[in-house]
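In the part that follows, the structures are each spelled out as structure tokens.
Two complexes are shown next, each including chain A; its partner changes from chain B in the first to chain C in the second.
For the complex of A and B:
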């Protein structure tokens, strides 16, 4: 069993990496890289009329996102030339052409040409700025991009992580301390994070910073924070609360001191000095509303519980009264739900809900009002009842015709006892297999419902990111959804062994 | 048939109909039969002759499209057919009349422990506590020949072999000390050595627990070994009924002759095995005369015109054939079964399933 699970986990990890690698190669090599700037008009308009600045901006972004290696003249001269000053010389000549229009031309020193030659030799493409100066770029191949991505993916925090020339005496150690609430935590000095392991009141209550995943920055939508932060950070306005600062003072602040990371001494200000007596002053803030993932999760889980609460008794009732009225009504319902396009159903329910006073958009009443949640949850739940009902009915009917049911009847058990003690336990086995997937994949949100109700959740994230060419976000989501799907199937299989004694997960099982 | 004071179950003029795709099929046609307490009755006949349907009516377990359209089943002074609800039948099923089905591989719930499935019945029908039921279940398991019953109590059916599962099914059937045990082809799905063990187990248990056994089988070898009485069924009717010796050594109905002649043990090397030609009549149509007449080489004109009555051969032996009418021509039973007694003795002397162990 252990061996089997280990094997499955290894295979799952490989599968996740393969899928992610394919996504990375497709995105980086098949989508024109210019497209990523399409939604970044604000910044590019600012640079309008400054072609060199645009070139620098774009190349910097591409470098940041992992498309290429971008080096400017200064850097080129530093690495390849012995005479930096000579290398940096740009000679400007004014040339008048036949039509009398003046243009400028630039030439470079011998040292400069040498460096250009050296970079061309290294496979770089050297180009010239419009207003003088040169730079070189080198595109990464698909495999290099994948390699770089995975190289940077996992970040392990160690006491030697911080390099701050202004703070040479920084102590470097991991120790067990207490946080500002007096709760024990594993802390670190010299690491990126102040707290490596801590407890708080938020799910899942225990948090770690030893290992973090780095999928790169989100661009061009939700600019600059890392993609994980975008989907994980809470939303809304700052949630100020009375807190005790790490230096012992108290005050009103929205900082979540557990999340503090190292801030370079040079950038510390008097505000920081007010709250902190060390360099761990770069903290995330508490916000009033849950993150996108949490939003989708709240809706998903409530809807899921509701769906099962409706579908299981309904499916059982249909099976028990096969061919009679409850069954017929159920079949009509299932047929309608399956035949009706989900968008039509959502709008129908929306109108119906609006009639009885429920808001037809989430932001109307917002996060704090329970009324905002009712309609989307009911819609989400009802949409998944149809298939659940028909499967439960089908499994129950299958089991009802089994020989052991006949024998149980001949033992003198009542119909009710047979259903409850025998049939249900058998019929639930295939259902159980699907439950972890349903629970875990709630995280991915529901595209249509969230769009229609303007819910700030995860559902729209993937299509929006694809539309906006937010490549890192697409890759992040691909990675997360793939990993969750594969592992939820594994959990589903493990759960099956609990409800079905016949199933034993064994590395030697089957034809292997 | 005469009334007998020791009758535990009396079936009178039973008729069962099934509705199949808007057509009505008569599966049991006016059957009357008495079961004497403590005797083993075997019901034989080919597939579709109504053996199983007949016994299912005793516990009200007909399929949903089936219905008893006429008749009475008397048990402990009560007509069972007056039971309408499941609750009334539950007083009979398992508690008074238990059934062992053909396929032990599927008779048990695959996801419940063996112990649970046995004690469930004990708790239900005897109102015992869980601990008491467990003790009794383990005792029963030992009684039906499960070694290490205590350890195996918590195991699941898939951990048991076919023969052991059938032992468990029998243990469950006996958990409530029923008056009657219906064995619906209990050994058909088992291999020959296990068949013999199960048959002997049922025989021993019948003695010990004092229940009346009704065997449904098409294996005449089993019949010869276990039965006191034999009822031969054909096309929804009992065509011959008698003591086991009478049926084997003095059969009167041409169908019984056919059945006995087709015993594979009687086949001689090099010769083809005997088989009754033709197929049974369709039960959707009304059957005129003797249902077996079209397949019988002894059929007379009257067989196609009028249904024969039950003729009495001896006090215990009855047959439903016009051949027993005084006006009928004298015919001899087929040669192959004329000295069946000697042949059977020769066969059983070799041991095996049909021999005494």
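For the complex of A and C:
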């Protein structure tokens, strides 16, 4: 059994990496890279009329996102030339053409030409700025992009992580200390994070910063924070609360001191000095509303409980009255739910809800009002009842002809007892298999419902990122959704063996 | 009793060869079973009418979603459904009757082509998959990976990567879904392939391909129809959803999903809500009727239901 589980885990990890790699290669090579700037008009408009600045901005972004390696003249001269100053010379000539229009032409020193030649040899494409100067770019191949992505994916925080020339005496150690609330925590000096392991009142209560995943930056929507921060950090406005600062003073602040990371000495200001006595001053803030992941989770879990609460009794009733009217009504319901496009169903429900005064979009009443949650939760629950009901009915009907049921009947047990105590227990086993994936996949949210109701959750994130060409976010979500689905299926299989010890996953039976 | 009251009967050798079983024809039974339900006949008529309109009407109307010829003619905008404009007109004076059928035709053809590709590929691969143990080892690993990735994710990422368009969408929809059809068929093939009559066939030296096409496929008809009945509404649903959120078809192609998303603003407007409800209801009618017809056909094609 252990060997089997280990094999499954290894295969699952490989599968997640293969799927992510395919997604990365497709996204980076098949989508025109100009597209990512389509939603970044604000920045590009600022640079309007400065073609060189636009070139620099775009190439810098592409380099950040991992498309290419971008080097400018200064960097090229530093690495390839012995005579930096000679290499940097740009000669400007004014040329008058036949129509009397003046244009400028630029030539470069011998040293400069040598550097250009060297970079061309290395496979770079050397280009010239409109107003003089040159730069070189080298596109990464699909495999290089994948390699770079996975190389940077896992970050382990160690006491030697921080490199700050202004702070040479920084202590480098991991120690057990107490946080600003007096709760024990594993802390670090010299690491990127101040707290490596800490406890607080937020789910899942124990948090660690030893290992962090780095999927790159979010761009062009939600610019600059890492993609994981975008989906993980809370939303809304700053939530100021009375807090004790790490240096012992008290005050009103929205900073979450557990999340503080190192801030270079050069950029520390008097605001930081007010709260902190060390360099760990780069903190995330508390916001009033839950993050996208929590949002999807809140909706998902409530809907899931509701769906099971509806579907199990309904499925049992259908099986018990097989062929009679409860069964017939149930089958009509299930067929309609399966056949009806989800979009049509959501809108039918939305209008019904609107008639009785529920808001038709989440942001209308917002996070604080319970009315915002009712309609999406009911829709989510009803959408998953159909398949649950039909499976429960199926399993129960199959069980009714089993020998143990006939025996129970001959013992004189009532029909009700047989259904409740014997059949349901056996019929629920295959249903148990699906529970972990339903719970875990709540994180991914429901793409359709969240889009229609404009709920700021994970499900809406995927179509939004696709429309905005936020490549890193699409890759992050692909990785997360794939990993969660694959592992939740594994957990479901394991749970089934716990519920029913007769089931052996690694048995050599079945089809040899 | 005298002997002359008896007659000599000629002995017929062939009479002993006849079996006194009722005449049975597979397809006649399928038809009888299929047309025995009034609900199914109604649904068949509904889906046939919708299909005829969707595929024939656009041939005459030449509807172009990008042209807005009547945009400056205020008398043309927001005409409620009447005889001349059975589905009314929208703000820019477009005839909704043309728009709806062009969209339906497009959505239906996407779903039908994707189902066709999925089923053909799935059945062929599934049949050989069920037979070959070597192939099984590779395919089961591939299946385990692909089946665990959320389908929405696959479709959305593929559409994103390949860009908007009808054929891109068809590719995205059928790219991984054929695998689950193939798996479905594989399991059935495995159940049937080791039955005695197949072993006998094998002993007599029949080729694997002949065993698959002659001995096994007829058993799979109802299973294949079931999978088709499930796929068509599913694909319509996906196309509508993807076009609705704006990553399915591009603006130049009419689609039910795009209509829904364009006219969702009129949902609550009492004077123009028909713009929104007509495509939504039509989209519901198409998939429900096709699903019920498909299910009935699947039941009818299963020989076990033919016993009287």
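For this structure, a couple of remarks:
In this section, the second predicted complex is superposed on the first by the 504 of 512 C-alpha atoms of A that agree within 3 Å, B and C clash if a C-alpha of one lies under 4 Å from a C-alpha of the other, contacts with A are read in each partner's own complex, and residues count from 1 in each chain.
In this text, a contact is a pair of C-beta atoms (placed from the backbone, for glycine too) under 8 Å apart; a residue touches a chain by one contact, two chains touch by 3 or more.
Quick caveat, the model's predicted, so the values are computed rather than measured.
In the three-chain model built by superposing on chain A, chain B and chain C fit together without any clash. By the touch criterion defined above, A:402 lies against chain B but remains apart from chain C after alignment on the C-alpha atoms of chain A. Using the contact criterion defined above for the overlaid structures, shared-chain residue A:422 touches chain B, although it does not reach chain C.
In the superposition on chain A, A:6 contacts neither chain B nor chain C. Residue contacts after overlaying the shared chain place A:354 against chain C, while chain B stays out of touching range.
The superposition of the two structures on chain A yields an angle of 50 degrees at the Cα centre of chain A, opening toward chain B and chain C, reported in steps of 10. The partner that reaches more residues of chain A, of the two candidates chain B and chain C, is C.
Using the contact criterion defined above for the overlaid structures, shared-chain residue A:466 touches chain C, although it does not reach chain B.
Looking at the shared chain after the overlay, A:413 reaches chain B, while chain C stays out of its contact range.
Between chain B and chain C, the shortest distance over C-alpha atoms in the superposed arrangement works out to 7 Å. Within the complex formed with chain A, the residues of chain C that make contact are 136, 141, 144-145, 148-150, 152-153, 156-162, 190, 230, 233, 236-237, 240-241, 244-247, 257, 260, 264, 267-268, 276, 280-281, 283-284, 287-288, 290-292, 295.
Here chain A touches chain C in the complex through residues 11, 15, 18-19, 23, 26-27, 30-31, 335-336, 338-344, 347-348, 350-351, 354, 360, 441, 444, 447-448, 451, 462-463, 466-467, 474, 477-478, 481-482, 485-486, 489, 511, going by the rule given at the top. Taken together, the chain A residues at the contact with chain B in this complex read 402-404, 406-415, 417, 421-422, 425-426, 429, 499-502.
Considering their complex, residues 59, 61, 86-87, 90-95, 98-99, 101, 103, 106-112, 120-121, 124-125, 156, 158, 169, 172-173, 176 of chain B touch chain A.
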